[in-house]
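Okay, structure first, notes after.
As written, the chain order gives the labels A, B, C, D, E and F, with residue 1 at the start of each chain.
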Amino acid sequence: MQTHDAKRVEITIEAVMQKRLTDAIEAADVTGYTVLPVLGGSGRSGGWSREGQISRASGMVQVICIIRPEMVDALLDAAFAVVDRHIGVVSVCDCQVLRAERF
Amino acid sequence: MDDILSLAANNLVSPIILSFALGVLAALARSDLSIPEAVAKGMSIYLLFAIGFKGGVSVADHGIDGTLGLSLLAGIILSFALPLIAFGLLQFMSKLSRLDAAAVAAHYGSISIVTFVAATSVLESSGIASEGHMVAVAAAMEAPAILSALWLVSRGSSGQRMDNDLMREILLNGSIVLLIGAFFIGWATGPAGLAEIESFIVAPFKGVLCLFLLDMGLVAGRGLREGGGVMRPGLLAFGVLMPVIGSVFGLGAGLLLGLSTGGVVLMMVLSASASYIAVPAAMRVALPEAKPSIYLTLSLGVTFPFNLTIGIPLYLAVAQFATGG
Amino acid sequence: MDDILSLAANNLVSPIILSFALGVLAALARSDLSIPEAVAKGMSIYLLFAIGFKGGVSVADHGIDGTLGLSLLAGIILSFALPLIAFGLLQFMSKLSRLDAAAVAAHYGSISIVTFVAATSVLESSGIASEGHMVAVAAAMEAPAILSALWLVSRGSSGQRMDNDLMREILLNGSIVLLIGAFFIGWATGPAGLAEIESFIVAPFKGVLCLFLLDMGLVAGRGLREGGGVMRPGLLAFGVLMPVIGSVFGLGAGLLLGLSTGGVVLMMVLSASASYIAVPAAMRVALPEAKPSIYLTLSLGVTFPFNLTIGIPLYLAVAQFATGG
Amino acid sequence: MDDILSLAANNLVSPIILSFALGVLAALARSDLSIPEAVAKGMSIYLLFAIGFKGGVSVADHGIDGTLGLSLLAGIILSFALPLIAFGLLQFMSKLSRLDAAAVAAHYGSISIVTFVAATSVLESSGIASEGHMVAVAAAMEAPAILSALWLVSRGSSGQRMDNDLMREILLNGSIVLLIGAFFIGWATGPAGLAEIESFIVAPFKGVLCLFLLDMGLVAGRGLREGGGVMRPGLLAFGVLMPVIGSVFGLGAGLLLGLSTGGVVLMMVLSASASYIAVPAAMRVALPEAKPSIYLTLSLGVTFPFNLTIGIPLYLAVAQFATGG
Amino acid sequence: MQTHDAKRVEITIEAVMQKRLTDAIEAADVTGYTVLPVLGGSGRSGGWSREGQISRASGMVQVICIIRPEMVDALLDAAFAVVDRHIGVVSVCDCQVLRAERF
Amino acid sequence: MQTHDAKRVEITIEAVMQKRLTDAIEAADVTGYTVLPVLGGSGRSGGWSREGQISRASGMVQVICIIRPEMVDALLDAAFAVVDRHIGVVSVCDCQVLRAERF
């Protein structure tokens, strides 16, 4: 089956910042993303778990974008402007996609 | 004095307080007891809807009180002013950075709706009436404190922390909208509307509050277990002193406004209580460098239990003394 | 006429309608108020169980009515036939593609159980009895409309859209099974069974309905905000006209069957209401190219609120006039 | 004898049993009916809290019974001993490996709190009183069986299966902590506390139990559909025989302790019932090689329905005969 | 630690199609997969979020298969037959796995 | 935008083992991880889905660690000691991260 080179960008970020991030992503002309719920985690600012939360504050989500390789820099710049002062992780890996016309 | 003690003792063995204590103990003992996030959120929606609705019905019932507008104004001023006091106190009592101190201060200007709910439930048990519109005052006090805190921070640094999006998020956050919305629904439908849904929002209310406080206890206990380390004595003392100071301002406002005994108690409780939902969320957006382990532990792990156990009976006793009621 | 207006006005200030309106407003104002998916699903399970159970108990109570079989048959025929009318109307009133028109049509042949529940609750408040077995008619009307719509599509193209899996999914979808199952449980256990669980399924019913409609309002409001753009005037008019047309067919069926006034109202409501759960799910599988933004916005954002606010009192007035009840 | 049959028949058409049956049928028919995990967990928290609380209030009401300590001791001994019997029986009746047999045995020494809850609800309907402290006995019986099973396994192999973490997890698992905690809260607040939250934890109790059993039926039905293949006749027979054997030991203990008729029934039910929450979780940690499809299907798919439908009325009849009550 | 080359296939698809997709996957002799919940997303057919849903219709899930490289084509063919007319994204990336005997 | 080489380790494991796994990970000096909920899946020990569960037993979670390449072996050893007798899958892929100072 015919596949196409692409990049998979995975951004783990606080739930309160989700809307700001996806707005920035869309402003960078990224046409698609998927948001996954996160149960808990740990990092430099300590551990947390969803059952220890009473509000949406400090919960996190994972935003996944599959994009054309030439779009990565624009996306990372846009994401970074939002993520900058906030906790979270951004990673990128190579992948192949079906149906390139879709994104 | 005996009365206060017996009321406090009575308060302490209520199912509500004991449920909270059970949650704290279970979390400290590292039990895996937990209430699903969706269920906890469902209960909080129920409580907000019920308390807002009942407030509105009471306004419909007793007519709109001349003090409504002034009470709202007093609440807003308190919410703006208390963070300044809290901030000053923190710089004196603790070694928090300017940023952390401002973030903590925001919590103490805002309010805890569950503390408010617990107080109304104590008033009810004691047969003390209060102004239904205090629910609207509660909603009005949620947000202004955030602005004060951001102003405190921006004095120190440059950096624009507040944008329109954040402003809208704060003013239209779910709990404010639900509280005010249910208040208007209760007002519009009045006692007839209440009769229709009474067996849903009145009868099971206290029981739901028990389970909700069980969850709050679990969360507070986990917070203490993990964030307890940051609680220096100065901070701890602040967490107990600040609500008492807040309550004094609330008392003054309540007396000036000429509220009923119950109304004065609720004004004291609102001033004394600290936010742990709306303000933390706003802080994560506007002041992400401020440490949640400090402000959440203080608000939820220290001040909330203090108000729930000792604060409410204390404020009630003082208000009864001051209003002669 | 005055009566209709006052009933409509009365209906409009009920906590149920106002809760829905609160949800719509909160969503349009972009508040972050939301009810967790699990809680909303839990409430819908509660409502289906309660309404099914009470229907069954009422059948146990009043004996099985001679009209049960015929009512079911009438419901099934209506569900098959209404999509054809809706489809014709859409081709006339809108510029939807054949596919989109068929998908929309399927929704209008099927039913909205919450509209049905709201109607029973209005009947109850007005002290008007209805046949318990109308619950079974509601269940019977969920699915046939889907077959009509797929037939409409397959006439136009080739392509097999329906397979056995989909057929089983439609017929055994959770809400049909729960409604029918609870109906049989209520029938089997009768008034004695009802007495056992009355304080769970009767007393809090209206209150739960309020919170559920708050959620529906939130979803409908979000849909209008995002999908409102597709609502051309022709489509909007369809969303209001079609339920009225449907109700006329329901009226005819109800009168032919000799149902009680309440039964006629419910038959009108079932015919007038449009699905937003079972049918959309089936459409995503069978007609994935049809646009959800069209059929969901129309069904949930236009027809549902129309029925809830104006439709139900109107159908009630007409049914009372027509049956002389 | 007639009485037993009519009680059994009566029991079978209760909304509770029929809701369970509906769940099983829906799952076997592959309906997509499902109750969200969070809602099911919320209901189980409600049931544990309510049953624990009511037990505590009853102890507060009737004074602490001399048999409390001995009942706890008897429960613990039964929980330790029953797995040995179950294990022996399994080696005789089935071809399970040593490991699988030990895992199954653990479940039968421990208890099913929902079976207990269903039994108290049958007792209540029949107007038969029981000792409130049986709730504490239930909690005490949850864990010891796990130790017996691990001992059975370790005799066969080397390999340390139990560590301190696991021990703490077992003893402080959520359902034990909630049950015991609510028991103490009920005890401390007594009838006054009950009065405050009665309309939450007493009135809707049976209705919530219905929906909870609907979910259990769905889960059991799915288990039977998928894991039914492993149910050899020997295992099936064990799933029905073992609860009866357990109940005989419970009967003996109850009579020795001089419990009331209701107390004897509950002791029989605890001994007869098999765990499906705490023990499976412990088995996944300690004996991951044991097959969940065997122990869950047996406990939830065979023994639970047996106890619910036939077991409870049977134990009640025997207890009435034996105590002359 | 000894690892083995494998492929990680990630399929984001509507929840109503999940069962059909996993049936097709199993028919293609794929021995394992994991299904993740999705909170929301955006693509050519617009944005959606779980809190805006009243039913399982139009919610999505993510199905992840870790498979031997030589199985990729069979899996993609099977998946494509299901996903074809439906919205969604399919991506593949290289990975290493422990315990090759497991899959 | 400046990125750094890293590895993305994805461990799918039973929920009852989550705490044990993250403790082991932390003991291996891994400074960050994210836990995702899992809806269901299938493997050698059969299929399961969250809606078929009555307890936390046999539910699964996915733990994701983004780590420096030289840490992979230590992490896999630590994870393997926990996962060993239990069901689950461990996979590793190459990725790039922003903000290397963060991990």
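Definition applied: a contact is a pair of C-beta atoms (placed from the backbone, for glycine too) under 8 Å apart; a residue touches a chain by one contact, two chains touch by 3 or more.
As the structure is a prediction and not an experimental result, all values here were calculated from the model.
With steps allowed only between chains in touch, the distance from chain C over to chain F comes to 2. Note on connectivity: the fewest chain-to-chain touch steps from chain B to chain D number 1.
Look at the CA centroids: the one farthest from the centroid of chain E belongs to B. The interface with the greater number of C-beta contacts, when A-B is set against C-D, is C-D.
Put simply, the C-alpha centre of chain B and that of chain C have 41 angstrom between them. Rounded to whole angstrom, the centroid-to-centroid distance between chain B and chain E, based on C-alpha atoms, equals 45 Å. Our note on geometry: chain C versus chain E, Cα centroid distance of 35 Å, whole angstroms.
In chain F, the residues that reach two or more other chains under the touch definition are 36-37, 56, 93-94. Each of residues 32, 34-39, 42, 199, 203-204 in chain D touches at least two other chains. Contact annotation for chain pairs lists A-B, A-E, A-F, B-C, B-D, C-D, C-E, D-F, E-F, with touch applied as defined. Those residues of chain A that touch chain E in the complex are listed here as 1, 3, 6, 8, 22, 26, 31-37, 61, 66, 93-99, 102-103. In the complex of the two chains, the chain D residues touching chain B come out as 36-39, 41-42, 45-46, 49, 53, 168-169, 172-174, 177-178, 181-182, 184-185, 188-189, 193, 196-197, 199-201, 203-204. Partner chain C is touched in their complex by these residues of chain D: 13-15, 18-19, 22, 25-26, 29-39, 42, 125, 199, 203-208, 210-211, 214.
For chain A in complex with chain B, the touching residues are 14, 16-17, 19-20, 45-47, 50-58, 85-87. The part of chain C that touches chain E in the complex is made up of residues 34-37, 40, 165, 215-216, 218-219, 222-223, 226, 276-278, 280-281, 283-285, 288-289, 291-293, 300.
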